[in-house]
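Consider the two complexes below, in which subunit A is the common component and subunit B and subunit C are the respective partners.
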Partner chain A sequence: MRFAVIAGCLLLSGASFAQGWQALPEVAPHPPDNPPDEAKVALGKQLFFDPRFSSTGTVSCNSCHNVMAGGDDSRTTSMGVHGLTGPRNAPTVWNAAFHSVQFWDGRAKTLEDQAKGPVVAGVEMGMSSLEAAIERVRQIPGYVAQFGAVFGGEQPVTIDNAAKAVAAYERTLITPNSPFDRYVNGDDSALTEQQVRGMQTFQTLGCVACHRGPAFNGPTMPDGQGFYISFPFHDSPYVEKYGLRDEDGRFAVSGNPDDKHKYRVPTLRNIALTAPYFHNGRVKTLAEAVRVMAPSQLHKTLSDQQVSDVVAFLESLTGEFPEQTMPRLPTTPGRSIVADTPH
Partner chain B sequence: MICRLPKLLLASVMALGMSAVMAEMPVPPSPAEMMEAGQKAMEASHKAMEAMQNAAYHGAKPAMDTLPDYMNMVKPGDKFQFPPSYITVPGNRKLTEADFGDPSICAGCHPRQYKGWKGSMHSNALKDPIFQKLWHMGEVATGGKLLNHCGGCHTPIGVTTGTLKHNKETGEFTAGPIGSQGVSCDVCHNISKTNFLETATLEHGNASFELDPRGMNGRKLGPLKDAMSPFHPTQYSELHTKADFCGNCHNIFNPANGFPVERTYDEWKYSVYARKGIVCQDCHMVPVETAIRVATELKRPKELADTGLGGFAGMGAMKERDLVHDHGFVGGNAVVTALLTGEGSEHAEAARKRLQNAAELDLRFDDRMDGLKELRVEVFNVAAGHNLPTSLTDVREIWVHVVIKDQDGKVIYENGQLDSHGELDHDNVTIFNAVAVDENGKVTHLPWEVTRFIRETTIPPKGSSISRYAFSAPEGTSKVVAEVSLNYRSYGQHLADVVLGHGTLTIPVIQMEHEVAELDL
Partner chain C sequence: MRFAVIAGCLLLSGASFAQGWQALPEVAPHPPDNPPDEAKVALGKQLFFDPRFSSTGTVSCNSCHNVMAGGDDSRTTSMGVHGLTGPRNAPTVWNAAFHSVQFWDGRAKTLEDQAKGPVVAGVEMGMSSLEAAIERVRQIPGYVAQFGAVFGGEQPVTIDNAAKAVAAYERTLITPNSPFDRYVNGDDSALTEQQVRGMQTFQTLGCVACHRGPAFNGPTMPDGQGFYISFPFHDSPYVEKYGLRDEDGRFAVSGNPDDKHKYRVPTLRNIALTAPYFHNGRVKTLAEAVRVMAPSQLHKTLSDQQVSDVVAFLESLTGEFPEQTMPRLPTTPGRSIVADTPH
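Here is the complex of A and B:
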């Protein structure tokens, strides 16, 4: 009897792998030291939308990760304070909670760590230091009260707590129930014939080798480890055309020569909404991105039919976006903390 | 009854060679000392161990001071961190599970390899319930000396990360999430050298390898000189192309006395297969159809035409390979694969197929001088590059079952049937196996007790064995029909009963071969 039970379990796990396709969970995992609650998420959302923590008081997280849209900024590379632009295309914040590491090069292990980066990046929010940013928060009485209510303690307004609140909000940015998800859950009519064909093509071509799992961003990795892949892996005319090897990728972070041109595999959820594509944002359409990927990663050239089938399938990964409303922000009547404090 | 003299001679010559090697070893005491000091302990030891086995069932503490020294081949504190296994880690680095990748990660680009491995005995090396029970018995009987010995090959990751644990209450052995997956991708593809020159027998075995993982994106070692991966660095390893690689685990000697209890690699090494350069991988990393061709034509798979085994070794690869190796490592274990992956599963059926293609039978009738008739049965090892059976040969059983009927189907002679306890008559049936004894010469099936074999009847590669069955046909018999089966089971029923508990599992019998011959009288 016991043997039968063991055998049953193994068969199940085998089958679920063979099937491979997984719907997006409705809840994202969170670290043990940052459990979500309503007040924390609300605070995080305010901070996410609040431009006062950029040097000029004009750029918020939402400027580049627009949650009213695809969670990005539709630009080649992001524009920060004073119209400055950085080297990379903004990854979508939607479903970012399902990445095992953050940024194209995985230099932040968690959403909490990631939240601290752009604030002090010269071409993004441009603050001189995280201390300067948190000092601004401390000057807004409404925030001080909220931090106290959410985190408690003697000095609740800390950089870490601010990052925790933002991360807690970001973990609510999940887009389940896409046509693909409904199809996987048994609704055969959720996908068109072409999308089903594209799904098969996606699998047989081998796209699924990297773009797998519920977020189409790779296998489940151990804590703090990213799923990095060389891009482009093979030579093709696209390398030069789109400058695909112009920067070093993860090598710049790790210093390990094996990491040259490696990037974290991005999610394909809502990919139809997040053009332009790739780390440098040089490829403007999804069809072209698919055309670039095939020879670059799989050493294959696709027919136009295959490209349009795969694109149709990728369009089925656009999920349902939980309604986002602009939050009320605590104010400092008659006083601008942006003008009053040095950055 | 069975003519196998040359082989017996060979076995004893090898046994002599072995003891000579042991005598030269610097670490253990001299043979004289061993004789003197060991004799007393040995005499006392069998009784003690018998008591301990009983105690194992009743939860009593083993009497530690009477145990043989299971560490006498490897001293703790020597270069070997995990005695009595011979695993080493460069720089004696402390490993964690984070040094290894979960096989599911590899599956993305290597689905073919993953599919073969998942459900294989390698993937179940730690989970195998029969092995676990036997190990538990041994662990109790030896006072905890077999943890690294068995674990060294059954879960090298569990051993080197220290996550391998034995629960004395339940008898269960567990390891971390990756370690529990037995011999997984990141075991073999992180093996960087063999330590065979440092073993007590100067031969491969008892996990005689260096494990050098470099974490998730660390380089993977393999047999391709020009491998490229977008995920992990790659490194060519000549060792991976050789039988020596496999021999590090498929050759096992009792760490207390050096006696080789599993000799699969050695059996191969002195075979015609080795002479022809045919290695383990050539048969056990290809489908059975190809393995049969390898054995029949005595050519390596890459020298065979139209194997149909070409393809890409990984997803997105540039170069198509002539041969992509299967990773199912199919052998004769159709029992545990069926238990763990389901009756009739791909892995269980593959093992069955192997067994059914390994041997052939030749039947002849003769007239004897004394007037009796004789059926002569010759069993050929046609397709195994090691003995039949191999590995724990004192546990495995291959035997000949002969039924002779008259023209009406009435049985006039039978030999080799199972009795009501599922046992064979060991004195009168042709069984191909080994009979092992402990220090006191008492027959045992428990590997940690084995000091020598008193009988060894396995059939070497391309060898054969002849049995003769005398019978007389009753008056009026016009025709006799001989139906002969060659049967296999992974364990004798007695062992299954002792290890698993009486009546828990009937070890299935697999018919390897069946032949019929008729004689008109």
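Here is the complex of A and C:
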């Protein structure tokens, strides 16, 4: 592992600190009450891909968090049932297991909690209640048998168990062995010269103050506690141009005025695959995102060369996506639970 | 192979004809100008799953023809971009390769032709033109390289080549080895007693007049020529109850008055997985579909026992779905072709 001393951390009171570049682990941590196993992960994958738990039968977790792509949806903000759109850009599900809190505003402490949110969001999956969603699951004999085998108990098909299965699947969505990771692990040929230069620029500029750790999303935090940063931290013409302060960020969740315009620091893993950028998705390219970040967070302006170098470095964070088999979705022979219920 | 003589073919002038129950082939026929190969099928699978070729970036072929399920969408009629819905129930893509024409009204002669339709249908994928769709493909370097490797030539990324790739993938979507197929191939234990009874009922009632051949969709037809039948053929209270004559069927395509309310005979393969039923999707259960068919096509009324037996037989037509790996969708690093274009 390579180590480097990083100075110029603007956001942490100018303190110097030692930082090691860290490769992405191949296994994610899991909560003690939700250990992974093969059957649970398989069930979670089925639920993740199953659109029948949206009101219209058209939206699954994978609709906005497409694991065949960057784990998001390529859109400015996501589109759910009935063509409705929400206010925020979909965060990637790849490596979400390395976040200590979920959603842009950290309003879910765990992947398990997060999994329940979109199901009942009117502009996402649009179910009237979690109970209505789980009632659909209960009508599918194959799922009932699988929940029983995985979770046991008299009534294994519960919202919490469904969330546990989905979260267990999501913890398998890890992309190790990016060029950056191979470089950090000693393969000097893994990065181009420009990428190495971009890596140094990323460090000396101070980007690493927030984007550090194996997922480039901040220091190790206790589970359920977020690493939140004001965005934008400094004024610039970009604030108006891209509406960067058009919403309240974490303040809307916590009610704490200190949280105004604060967001969880997102991972930079696979960032080249998740355009457009930022909480409102209004910045269309990675190069422009880098240009915006420098004055907004570091009070700096980058040369075109610096932007280009940092983008090249960020492209080295695209990892290897594990091959996955498609799930088979269990059936309700001779009828459809979607067509049966009004929506 | 078991053979049976079938009488009582009401629709074919009462003629008797010899019919063999036929197992589903494991390989589908293909047009001479589109032989399958591994790279082409892989490309077709990527395109089939890629939502970026819809105006909103949310709808792929798989959205309405979900191969993880019955090859359809569980909905009465499909929902495309912006939550818009069309007039017809999505036919399954599984075993579509065994149809001599495509769509309910047979307006596409081949899978290649069919693949182009939904891309520019306003209520489906909603692209302004096929050219606009292929222009998006051309912006994705990974696809450009794959089209070149598969099709060669100076400008390999064309609408026709994209359609060929998708069709080549769809020809791999075959579900052999259903209980029915195993029974036909000599395994007496593959069907239950009730299913065997239902099979006999299906034959003696005359359902086989139209639903015959290995895909239960009619006699072998020359490619591009459809086997069309009036639906409903006879009057019954179901006509009004389910709006069975609310649209013109093939007449809207051909302009031939003889084609009014005619439809391509759909396959019955995996019919238990594709509720709701009929061209307008208004009949919710397989049992009700069987009940409707008897007076509508055969001028008969079935007992509850007959309905139940025929449904049991139809459930034996659910085949084995091949395990598939998920495609990886190639990227446009640092930007999104969906967010880049207005929709």
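As a working rule, the second predicted complex is superposed on the first by the 321 of 343 C-alpha atoms of A that agree within 3 Å, B and C clash if a C-alpha of one lies under 4 Å from a C-alpha of the other, contacts with A are read in each partner's own complex, and residues count from 1 in each chain.
Just so it is clear, a contact is a pair of C-beta atoms (placed from the backbone, for glycine too) under 8 Å apart; a residue touches a chain by one contact, two chains touch by 3 or more.
Note that this is a predicted model, so its numbers are computed, not measured.
In the superposed pair of complexes, A:243 makes contact with neither subunit B nor subunit C.
In the superposition on chain A, A:258 contacts subunit B only, with no contact to subunit C. Of the two partner chains, subunit C is the only one touched by A:321; subunit B is not. Of the two partner chains placed by superposition, A:35 touches none, neither subunit B nor subunit C. Of the two partner chains placed by the overlay, neither subunit B nor subunit C lies in contact with A:141.
Of the two partner chains, subunit C is the only one that A:284 touches; subunit B does not reach it.
Subunit A is touched at more residues by one of its partners, and among subunit B and subunit C that partner is C.
Within the superposed three-chain model, A:218 lies in touch with subunit B and out of touch with subunit C [touch as defined at top].
Looking at the complex, you find that subunit B touches subunit A at residues 97-98, 102, 104-105, 107-109, 111, 115, 118-119, 127, 129, 216-217, 219, 228, 230-231, 233, 315-318, 339-342, 505.
Of all residues in subunit C, only 49, 51-52, 56-58, 63, 66-70, 73-76, 79, 81-84, 272-273, 275-276, 281, 284-287, 311, 315, 318, 321, 323-329, 331-340 touch subunit A in the complex they form. Residues of subunit A that touch subunit B in their complex: 2-3, 6-7, 10-11, 14, 17-18, 206, 208-210, 212, 218-222, 225, 227-231, 233-234, 258-259, 262, 297-299.
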